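Below are two complexes that have chain A in common, paired first with chain B and then with chain C.
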Partner chain A sequence: MKTLWRSLTVIALLGLAAALLVAVLGLPPAPVKLAGEVAAKLGASGVSHPVTAVLLNFRGYDTFLEVAVLIIALLGMLAAGLPPPPPTGSRNAMLPTLARLAVPLMVLAAVYLLWAGAFRPGGAFQAAAVLAAAAVLLHLAEILAPWPRDRRGPRLAIAGGFLLFLAIAAALLANGGLLRYPPEHAGLLIVLIESGLTVSLAVNLAAFFLLRAPEEQR
Partner chain B sequence: MSAGLIYAATGCLLFVLGLGGVLLLKALLRRILAFNLMGSGAFLVLVGLAQRDGTPDPVPQAMVLTGIVVAVAATALALTLARRWHALTGRDDIARVRDTGLQIRRKANDRRKAAR
Partner chain C sequence: MSTAFDLLLAAALLWSAWRTLATPQIGRAVILFIVFGLLLTLAWARLDAPDIALAEAAIGAGLTGALLLDAVAALRARRPDDEEGQS
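What follows is the complex of A and B.
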């Protein structure tokens, strides 16, 4: 019976794969050319890289809500209960040396990615991912201790970037739309938002890994 | 057939592979990984279709970037829940939910008795 269900599921999945392939390969060309629309408005967006322009200007509210989703995931994690700290003293002796060499370069790479986002692939999310990876590396090398759940610094950093974004969005409501930047200040506002987001997202992503229950709860 | 369409077709296959994993695998960790594979397939379809006529379209690319970050957040939450489930029941699958509900209650009762 069980094998029958499994083979039926596999057959259904193969059918789904065939249907999806036929649908994707036979898709008619897009009626609206969004790439052209973006290129036409790029001059007024404050940045010269189209993906960054879409992320932080044309569809800024997507990015805004995405930051909120990250914070909600972290809240859910705090509510579900944090894992106990990992056992110490099991690390490889090479790891701290490697971490000490790699982390300054990772911070440099993150700053470059943030700066490059304005005119080539890069931006706040990529920079934050590199910074969070650096924090995880330091944690695995036992240079950076796990964060207790009531530590204030990470909370302020996570909320700070989001509140900065919210404050700019609220201030721009007077212009008649959420996140509708005045073209002459758009570049500056985007750099400001991206810098805040980099710190906030990096701490948020690192917190997924580094937040641990206090020792006595084990 | 352009390179973009090959990416989109690969994305379809990855999506179905992930869906199969979610349906057929029992271990929670494998299901979470399979669910991520479904997500990656969907991202590949979006990015592939966005560049099928030569010029890449930045709007789907930005959406995929947003999607990746949301997927990371969802994965972190799912892993926390799986870990909590394991701590409460000692199981790494959800094969028979009715039994595990009893187990959780029994374990909580034992803990209450021990506290007294």
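What follows is the complex of A and C.
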């Protein structure tokens, strides 16, 4: 019986895969050459790297909502109840030394990634991930204590970057559309938004690891 | 030479993806997932998409892998009798 079900599942999945393959191969060619459009408008975007231009200018709305999704994920974690702090005293003696050596370099790499995002691969998300990884490393090395649930600072940092993005988006509404930057200020606004997002996302991602229930609740 | 590398990479990706799903031990599955993420980073780099490669390495393999390791540790703490992480 189990074998029958298994072979039926495999056959159904193979059929689905074949149907998908036929559908993808039968797709008409894209009517708009998006890469060409982006390259043509790159000069007005304020940055010279096409991926950053798409993420922060042409499709800035998507990025905005992505940041909101991460904040909602954090809210969900807060609502579901925080895990207790991990047991202490089991760490390797090498780890704090490594963390102290690596973290300054990681902060330097994050700032470089943020700055490089304007003209080459990099940007707020990558910089934030490196910063968050640095925080997690410090946490694992027991240099950085876990954050209690009602700590004010991380919340302000997470909300701040998002609110800065929201404020700029709202201020640009007078310009005729959400996140329609004036070309002469676009570069500055994008750097401002990306800096705020880096802080917000880094604290947000780090909070997934560092927010812990207080010890006495166990 | 580069074709051979690409074929090897594709085979390693499929193998690690399969092993991630098929292995019965949660801890090993998480390690295989991180390996899969790093191989995927290489694949993006080979496809000339350094932006996605960076994001995959930092967020996909790095942070998600660490989160999953954290989750496995929390699961083990909840069930201390479960040595191998088998469910």
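Structural remarks
The working rule: the second predicted complex is superposed on the first by the 204 of 218 C-alpha atoms of A that agree within 3 Å, B and C clash if a C-alpha of one lies under 4 Å from a C-alpha of the other, contacts with A are read in each partner's own complex, and residues count from 1 in each chain.
In the analysis below, a contact is a pair of C-beta atoms (placed from the backbone, for glycine too) under 8 Å apart; a residue touches a chain by one contact, two chains touch by 3 or more.
Fair warning: this is a prediction, and the values are worked out from it, not measured in the lab.
By the touch criterion defined above, A:Leu25 reaches chain B but does not reach chain C. Of the two partner chains placed around the shared chain by superposition, neither chain B nor chain C is touched by A:Gly177.
In the superposed pair of complexes, A:Pro104 makes contact with neither chain B nor chain C.
Once the two complexes are overlaid on the shared chain, A:Gly43 sits clear of chain B and of chain C alike.
In the superposition on chain A, contact of A:Thr63 is made with chain B only, not with chain C. Once the two complexes are overlaid on the shared chain, A:Ala35 sits against chain B while remaining clear of chain C.
Shared-chain residue A:Phe125: touches chain B and chain C both.
Counting the residues of chain A that each partner touches, chain B and chain C differ, and the larger count belongs to B.
In the superposition on chain A, A:Pro214 makes contact with neither chain B nor chain C. Shared contact residues on chain A (touching chain B in one structure, chain C in the other): 51, 83, 125, 205, 208. Against chain A, in their complex, chain C makes its touches with residues 50-51, 53-55, 58-59, 62-63, 66-67, 70, 73-74, 77.
For chain A in complex with chain C, the residues that touch the partner chain are 51, 83-84, 86-87, 113, 121-123, 125-126, 129-130, 132-133, 136, 205, 208-209.
Across the interface of their complex, chain B is touched by residues 6, 9-10, 13-14, 16-17, 20-21, 24-25, 27, 29-30, 33-35, 38, 50-51, 53-55, 58-59, 62-63, 66, 69-70, 72-74, 76-77, 80-83, 125, 201, 205, 208 of chain A. In the complex of the two chains, the chain B residues touching chain A come out as 1, 5, 8-9, 11-13, 15-16, 19-20, 23-24, 45, 49, 53, 55-59, 61-63, 65-66, 68-70, 72-74, 76-77, 80-81, 83-84, 87.
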